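As written, the chain order gives the labels A, B and C, with residue 1 at the start of each chain.
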Amino acid sequence: MVRAAGGLTVRAPVTDLPLVLDRVSLNAGATRILDRVSLTITAGAPTLIVGPNGAGKTSLLRLCMGLLSPSAGAVTWGGRDDRAPVRRAIVFQRPVMLRRSAAQNIAYALAQAGVPRHARAARVCELLDRVGLAALSGRPARRLSGGEQQRLALARALARDPEILLLDEPTASLDPAASRAVEEIVLRAAQGGIKIVMASHDLGQVRRLAGDVVFMLRGTVREQGRAADFLDHPSTSEANSFLRGDLVI
Amino acid sequence: MVSRLRKFVLAALCGFTLGFAPALSADRSIVVASTTSTEDSGLFGYLLPLFTAKTGIAVKVIAQGTGQALDTGRRGDADVVFVHAKAQEEKFLAEGFGVKRHDVMYNDFVLIGPKADPAGVKGKDIESALKTIQTKEAPFISRGDRSGTHTAELALWKQAGIDIEAGKGSWYRAIGQGMGAALNTASALQAYVLSDRGTWISFKNRGDLDILVEGDKRLFNQYGVMLVNPEKHPTVKKDDGQAFVDWLISPEGQAAIAGYKIDGQQLFFPDAEKKGS
Amino acid sequence: MSDELSAWQLIIGLDPALLAIVRLSLAVSLSALALAALIGLPLGAMLALLRFPGRPVFVVLLNALMGLPPVVVGLAVYLLLSRSGPLGAFGLLFTPTAMVIAQTIIIIPIIAAPTRQTVEDLWHEYRDELIAMDVGPIGRMMTLLWDARVSLFTAVLAGFGRAAAEVGAVMIVGGNIEGFTRTMTTAVVLETSKGNLPLAMGLGIILVAMVIAINAVVWTTRAWSARQAG
């Protein structure tokens, strides 16, 4: 949503997708973290980003969120390169909870997203229900379990009414039950029209969620395509080794 | 949660500001710069309520050394100065900071020391006592703070023919504090100290100390009062300040001064001239 | 205040002069604390979040000012507020307001310096999330200050302790005037110099009890807050 003059909130008239990365590089000192990555993300089924540790998945997501700036190359949203997008949100692998209750965490995210005070209470309840935390609304957020905190982080992200939701290995530290809960929320969000871009370590998760897969290695995109194609018939040998479970250097 | 805390903080702040309101809206008051010896003797606690009851003017006393009190007057931070060092007061007058000087009261200085009197100075002659102290290098506490008492002490050394600046050694301790503090130090160190009688009589921590030399004419201590010159500092409350000066030298004020006693002993002796000096 | 009565008799008899002194001490120290917190908390937070050339110098300076000698502040404020000084027209010298001003200056660094450290540490933890939620600079400051409140209580308490114990500055700018600017600490000095050591000690004990009571209140609030924060 965009805050127009007079305090009204209106839907942004333009869409922020497709997200196009054109030969984007990212350096940290002498190290090349992303090397001429070219990628197009369009609306539709979830895109899962896979690859070994250090491939640059996290950096790619952070760059898409605006937490990092590219050292070279161009990033365009919805065909524009002048204005940063508003309706995007991110969930980190280890979420940081504000030192307040679960409901207040969500209310905070709503406030930052420009939702007027009188509308917040209803939205907070709605979001708590959506992630299954209605019973814990008054609990101090930092005392929630890992899975509950991740679901709360999801609620905070969804509070921003995003067009694109970035997730950085959100279930990597969670037990299977908590992971399933998170995946269900993500799937429902995708079915509701939100574009999901998610880094994952878990090939089973890729099979369950992905429409498209992007395979990264050493800061570059090695292969990308429809999930079924990639998982059953990868075109590159590295992808093959990766899917077999080898350590791909 | 945040708004509740904000409301609480605001309420607390209002409460404290209002708590100051009575002090700020005090109707009539004057600031009198006086000396620590007068304050420590308790005279003001006795005298001022009488003045306030009669005139409705509150008197705020700042107690400092005489030199400091006169400087406060020079800066215009006081309306009246009430001190006891005639030479310094006349300099103040000559510089144009005071309107007119009036004698108010006198008492005397006494030489205090340990009852056992290790230096053997007991007697009636202050000059020979000081000479003995210096010769025997007996421990001596000096105010060291440009106060009336300090000024008198320095004058006495000079009269005794001693150049104290050159002649002082580690036996001479200048502490730069008020009379009470000096007596405390003398009590703790078993030393000699020059004090005004008023402070001594009301002092409670005597320990082993006692009066060793008194009655010498040179130990006479005169107090004077002056209104700070409104021409130098237009903010001086000249009417109320003058009212205080007038009351001090009036028969009523003089009788009040004479009425101040501790353990039946009178501390200050009124001596204002009927027409001022 | 009567010299003959002991300190305990004064407390039990609720001696009005004693009550006035206690009320003034609390009013001055708590007012100075409120003002210093109002200034020092945002100041520390801003210094933690902003980046500008020469910032390390300011950080070191702020830390060093925690050790600013109170008497020096008292003297400086005295010269400022004196009738012969630049702010003399306000007639604030020898009033409780002057005492509040001096104490506020003294305790601002005591609150601001630890705040800067606490907010800086918390920023490292919150950085990604707050940027991801599009939180602006003022929002970051407010959020970090609120979330760090449990730690900041300690800084604020340190400030109060210093204000309540302070005697040099309030003596100089207040003048220790009976009934107007006499606080617990300056009363202790006065009674000591009059040789009334038992009374002075009694006043001192009352002062310590007052500070302990306030610390207890803050401790309870802090514990409650910590439970809320999780």
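Just so it is clear, contacts are C-beta pairs under 8 Å (C-beta built on N, C-alpha and C of every residue); 3 or more make two chains touch, one makes a residue touch a chain.
The structure presented is a predicted model; accordingly, all values stated were derived computationally and were not measured.
Shared contact partners of chain A and chain C: not a single chain qualifies.
With every chain reduced to the mean of its CA atoms, the largest distance from chain B is reached by A. Located most centrally within the structure is C, per distance between chain CA means and the overall CA mean.
The mean-CA centres of chain A and chain C are about 47 angstrom from one another, to the nearest whole unit. Chain A and chain B, compared by their mean Cα positions, are separated by 78 Å. Inter-chain centre distance (chain B to chain C, centres taken as mean C-alpha positions): 32 Å. Counting partners per residue, chain A has 100 as the residues that reach two or more other chains. Within chain B, the positions touching two or more other chains are listed as 1. Each of the following residues of chain C touches two or more other chains: 228. Listed in rising order, the residues of chain B touching chain C in the complex are 1-2, 9, 12-13, 16-17, 19-20, 23-24, 26, 31, 36, 39-40, 42, 44-45, 58, 60-63, 74-77, 177-181, 183-184, 202-206, 233, 235. Residues 3, 23, 27, 30-31, 34, 82-85, 88, 91, 93-97, 146, 175-181, 190, 192-197, 228 of chain C are the ones that touch chain B when the two sit in their complex.
Within the complex formed with chain C, the chain A residues making contact are 62, 65-67, 86, 89-90, 92, 95-101, 108-109, 112-113, 139-143, 156, 160. Contact residues on chain C toward chain A in their complex (touch as defined above): 125-126, 128-129, 131-135, 139, 143, 147, 149-150, 227-230.
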